[in-house]
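Heads up, there are several structures right after this.
Same chain, two partners: chain A is paired with chain B first, then with chain C.
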Partner chain A sequence: MKKVRGILLSLMLVGLSTGCGDQIYLEEAEVILGIGIDLNENDQLQITNSVPIISEQTAIASQMVTTSSRNLRQAKDKLDLSVPGKSALGKIQNILIGRRLLEKKNLLPYLDVFFRNPKSEINARVIAVKGTIQEVDHAEFQGRVPGIFIKDLIDKSYESRNSVLTNLQQVHRQLLNPESTPYLSEISVVNKKVLISGTALLNRNGLYTTSLNKEETSTFLVLLEDTESPIPLNFPYRTGEMSILVEEAKNEIQTKYENGRFQFDIKPKLKVVIMEAIGEIDFPKQRDVLEQFIQKVIKKRYEDLICKFQQHQIDPIGYGLYVKAFHYSYWKKIKDHWSEEFAKAKVTVTPSIEISNFGIKLYSNKSMADIGYSRYFHAPLPVSTTLAYVKNNNSPGNDVPKSVMISY
Partner chain B sequence: MPKENQVTLSTTQFTFTIYKTQIGIAILTIPRELVEISGWDAIISMTFGWLVALIIGFLVIHVMKNNPNETIYEILPKYFGKWIGKSLCVIWILYSFLIATVILLTTVDIICLWILPNTPTFLIMLSFIIPIYMLIQRGLQAIGRFAEIAYLITIWMPLILLVSLKNGQWLNLLPVIKEGWLPIFQFIKLTAPAFLGFEIIFVLYPFLEKKKEAAKGFFIANTLTLVIYLFALLICYIRFSQAEIRAFIWPTLNLLKLIQFPFLERLEIIFLSFYIIILLMSVVPYFYMSLMGVNRLFHKKKHIPLLPMVCFIWLIIPFIKSPSYFDVIVIGNVTRTITNIVTLLMTTILYLYSYFYRWLKKERVP
Partner chain C sequence: MSFLKWFSGILGKENKKEPDQAKPISKRLTQNLNTLKEHFSLAPDLTVRQFQIHDGTQVALAYLEDLVDKVAINDQVLRPIMLESKTIQDILNYLLPIGKMETAQNWEEIDSSLLAGKSILFINGNAHVFILYTQGWPQRAIEESPVETTIKGSHQGFVEKASTNIALIRRYIPNRELKIKKLSVGERSKTTIFLLYMQDIAKPEIVWELEKRIKKARIDAIINAGELEELIEDHPYSIFPQFETSERPDHTSMQLLQGRIAVLVDHSPRVIIAPMNFTSYFQSVDDFSFRWAIASFTRFLRLSAIFIATVFPATYIAIISFHYEVIPMDLMLSIASSRARVPFPPIIEALLMELAIEMLREAGLRLPKSIGQTIGVVGGIVIGEAAVQAGIVSNIMVIVVAVTAISSYIIPNFDMASSIRLSRFPIMILASILGMVGIIIGVTIIIIHLTSMESLGVPYTSPLAPMRFSDWKDTWIRIPLRKMINRPLSVHPTQLKRQGHKKE
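What follows is the complex of A and B.
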């Protein structure tokens, strides 16, 4: 008995000791942090891998390796040929998709590798690029590793609800589901600087249809009820400006099927906080007026956005799910062309707003006209925002702060 | 199994042995298998499956009650005579052995794929066989105790699934009864076998200390299993859409892949590592059941040559042909059909026959 036990134990030890056979040293691994997928001029698949270089000599460095290949796995094999080390997909943070690919081909088949391999990271962010991957490749990242830079950019702006965040798993679901159409966060490169430009919307076939700008993206997030952190909204108020945060959003949706078309009654219930108010507003007195005004704004925003969706025959919010849940017999008939059906649907929006607080200041007394910004108010919305940033000091050329205009 | 006659099982041990035998691989795949009905319908169907299992289980207990100190291997020859009874015993032995092998192969396959793709299969097999060998050699009481321990160590596991509920879509569960009742009833053929494992009562019952509590213990075990299944089904359907689940082989594990803590990624590895204990607790009772049958059949007090022999055969399977996923699926499907037929027929026939048998006896000996 004891002999057998001894033999078994020693056998087990032998078994355990071989477990270290497949170790990888970090220095020898090529950890792929980002992948860019795009089509080149000849419609060939072009895949860019962003690999940080980990060694004692270089502080922070990374390289981008671009290969033309037929699929992602082949690109990894080609990468292995060109870099000294074993490439690893397990820590992938971003997957950038070029505009050309989004316009021409469905993304879904290319994502297969991530879902087939149990080692891969399905929480990676999928990001549409307004332009080509080459532009991102040549952009400057303030001396940081591009993969991490883009990850932080998306994460932080999602945290402040200025952009959506779609990870691989969500995109996979969106591309598969007949009840909704996909959306992706979108970045663009302006003056060699990467910034978030909004949201890219795809149609049922996974092809690029249209984009949302920053303000529309925020409204879109309110529609999605994604209020884990408050969503900022900006709009002009009388002669001034107002910024609010939507702290709670609950969209009650009732569906009806009448005369061959669906009807959605959306009743958004929002709790908002006033963050900034420029113009003549006396908060305690004008509370009702203010709430009504914000109601109008929200109604307009919602309607504009849904109108845009219907025009392009897309349903990124997933109203199909409501139809499936409450009108299953109709759903079975129309599930293959739900987006067209949604385009025909009648949508009414009746918001109700509650201002939960307006900060620690009672009223704003100066209108913007008084301080000489009158020319602004002829435009319906602020059309451009000026961002200033200091260029890298060691880069040649001007050290002068340079302005970038982002048009929304 | 030394000195079987002196071994007794407490009610808790009885309950947890049944419960842990019932929970096996099915929980990892059942959300996909029920995806065609999905949502509340799947849950209703699962509850019906529970009911069917409950009824059959009570039939088993009823049969055992009439023969309180005998296992199935004594009852069968007693009822059906020497030759038919013994051949039925052989079928039962082969059946339990087949199930044990299928669960073991599937477990090894899952571990190979998800956790240790570069480790040789036979080493993984070996690391399973050692505890199996140790447990079975120490007999029923050790198995009962292990079941209790296994329950305690793995009690946190369903709770971790709750983390993935974030970003779930509750509307996925609707509509209720979407295609009528027919598909719900049809899917009972998948949901009832998910509760298999209660056949172990056939060999556990004679060793149970308080025989009156058998029905209670079985009811608790079956209900615990139902709760775990419903938990997995609900969370899977809330978190994944129908189209998504169709694409996954093991949706419950995919659920874990979504969970990401700042300090920890790939939670499914940790989950699976603990899940091995549960899977082991499915292999061991079935294997024990078949070995016990061989012992009883040949009236041997010790089975020493057989246990190491089978373990050795299991160990060399990977050398002959490492089972691929397709092999496992094919074997699994065949086993499922056999299991359904054997369990259903065996219990119902036994139940009806036990009445007939008593009637016969009364007629003969008035």
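What follows is the complex of A and C.
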């Protein structure tokens, strides 16, 4: 009897507990998949939400709800008035920031509501928009929900190393840490189509300073040592083109403080694979020559990029961390204006390249060399590689393929 | 006061009216037959055949018709006595070709023997009777149990006669160490119970404990083995079975060889096997006839089926009413759109479907076999499809319920499968109130309950708690038989090594 009473009592307590309070039925939730934050012409905050319309027939219809207000919290309240469900922040895939806001206001206070709310998605991608949110709103998304479309776009281009990926959590660190400055992936709308345009760089105050294009973004990833999947780089070689994949990147950095300015000796150690080289090359005899050539290219790329950072007084790589680690006494003095100090710093780059793989050599026979056609290729990616020979049987006596398609 | 009186009334007046039961029989045949007819008044199946043998002695054979083997009565009893015997001594010495014969002197023995299908030979002038073992009653042929079917195992199942069942087991274990204890339970039914165990393997304390419990069982009649099971189990209020009941002689023999005890109940084709562990409910006879990798994979399937059957619907409810964040993006949209039309909260929706499935199962059980299948198919399609069409439940819920139902039938033991099916309802309700926290609470309660349970004094969750690593060879996976040298520790066998490996 005592036992039964105990069980009954605990059942009653379970029933009385406040568990049901935060119950939110999926079909009644207004699941916000994407949020766009921008300023309108009158510098009023403009919030756009991408919400899928959940109905029996279609799941892909979605609506964009736009409202203007003073802050995000107010915007949320205002949006709640216009949509039938409870707005839910837990599935935000991306937060788009308009160029006008990035140029005029510090980003941090506007993202504060996401950091503060424990239910909001911390993995949301923060994306800069080259233009206004209105343009994105009017773009075409091939019949898909805009929030998911943009998320997929960013994820895929990050995988193919054409873009960086910064989520909300990383932005928080980048905005608050004095050792580095934030960088966001950037999209633009061309002919009503959303495209990746590169990387947007913000300064210490969270304001937009400059952008990197696609090629620069790839080099930027090498600088960040983000080689989870290999980074492709393309550059002209002699008369033709050369494509390499950076498989491993390790930037050894030594810092010095001399004559009132910092000096960084960056020694990138890259392991590269030659994907494709058009032109007459004789492996492996020319290995050293080739490595030296790539070294030059890499050095140039590094220097150009760092020069650009210094010009704009930004430090997205986070060299400040090295100063903080190795020269703390100086760092304490300059940490509030590290970006200016970095702009004055002297940077030397001495890369060392190791070609880990040449691939295999096709058509080394004389006839092909004569026509200046020599091609090396390699397939280092774990993705499936298909190689299709298109044989030209019409030309008599010449059974070498005319063209080779390599797709990764 | 009146309550006390009523209470003492129950205890006090136990009307004991069988003074003549222990009464010895008399020498006179006619008197004996009169007494017999008194005892068996209103029993039209009582047959008394009275006749004279050559030397003039009056003899009577009494038996209950249909409880005896009539061929044996005619050919082996009546024919020699009537036609060939000269004197009574002849009969007793060589003329009765019957396997077993006893003498009795009191009426109690005579009555119970008659009721058990034996026939009684009264001889005028003798103060004792002869009990002839001529039992024979309608019996079904040995066939495979419909509940426990196997693919590669034998296709013999137990029948309703305990002695036949013992024979079936002896065929698997022709060994002197197989000991059989005979007990009887039931004030009225006097059901014969046989306790089978391997004397050199089974722990004597466990045998003793089981025997003690069976002797203590107080019941009017044991109709089925399940009743005895309930009377002797450790935790009668638990939803989980603590003993296994099986209809398979091969499975029973296997369990005997592991050191477990089998309880055969006369009239019941199910054999109680004890002590059991939670994990041994997920072993099947087929495991040992399939290749070990395949058997291990099946084990893995069954173990995951426990989790699916207990928490899958609850998890679905918790996720769509509390934690929509964990659903992948695209799935979320399709779940939401299928839920959009449903007017009920997820818990009502789930309960509706679960109850419908349970009813279908029960209905399929009651109906004749041929209609049963039709009901299953029609019910499944009609209820599932039409309910979705009508917007009462969502597509996804139908899938969830169906997957849960399928996984609950993967569990080879019927009793355990039913318990697991039952346990998911409280968890579903908890999930609808508290979300994932509720599921954790429910599962924790179940785990605490399981760990605190014992089966005949053996920890129920062994080999998991207490941890017995060496038993895991036959728990999560089924390692090759060559490596299975030791018997499971969880049963506390007195002889640990299996005999085939003794010499090595």
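What we mean here is this: the second predicted complex is superposed on the first by the 341 of 408 C-alpha atoms of A that agree within 3 Å, B and C clash if a C-alpha of one lies under 4 Å from a C-alpha of the other, contacts with A are read in each partner's own complex, and residues count from 1 in each chain.
The rule we apply is simple: a residue touches a chain if its C-beta (ideal position, glycine included) is under 8 Å from a C-beta of that chain, and two chains touch if they have at least 3 such contacts.
Keep in mind that what you see is a predicted model, and the values were worked out from it rather than measured.
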Query raised in the report: When the two structures are overlaid on chain A, which partner does A:Ser82 contact: first (chain B), second (chain C), both, or neither?
Result: neither
Query raised in the report: Taking the superposition as given, does A:Leu8 touch the first partner, chain B, the second, chain C, both, or neither?
Result: first
Report task. Figure out whether A:Leu176 sits in contact with chain B (first) or chain C (second), or with both, or with neither. Result -> first
Report task. Once the structures are superposed on A, label A:Glu121 by its partner contacts, choosing first (chain B), second (chain C), both or neither. Result -> both
Requested in this report: Applying the touch criterion given at the start, work out whether A:Ser229 contacts chain B, chain C, both or neither, answering first, second, both or neither.
Outcome: neither
Query raised in the report: Does the superposition put A:Ala325 against chain B (first), chain C (second), both, or neither?
Result: first
Report task. Pick one for A:Ser356: touches chain B only (first), chain C only (second), both, or neither. Result -> neither
Query raised in the report: For chain A, what residues appear in both contact lists, the one with chain B and the one with chain C?
Result: 15, 19, 22, 119, 121
Query - Interfacial residue positions of chain A with respect to chain B in the complex - result: 8, 11-12, 15, 18-19, 21-22, 115, 118-119, 121-123, 169, 172-173, 176-179, 318, 321-322, 324-326, 328
Query raised in the report: Tell me, which parts of chain C touch chain A in their complex?
Result: 320-322, 324-325, 327, 329-330, 332-342, 345-346, 430, 433-435, 437-438, 441
Requested in this report: Would you pull the chain A residues touching chain C in the complex into a rising list?
Outcome: 14-15, 17, 19-20, 22-27, 29, 31, 33, 52, 54-60, 88, 90-91, 93, 119, 121, 145, 148, 151
**Report entry** Interface residues, chain B side, partner chain A - complex
**Finding:** 113-114, 116-120, 123, 126-127, 130, 133-134, 169, 171-172, 174-175, 178, 240-241, 243-244, 247, 257-258, 260, 265-266, 268
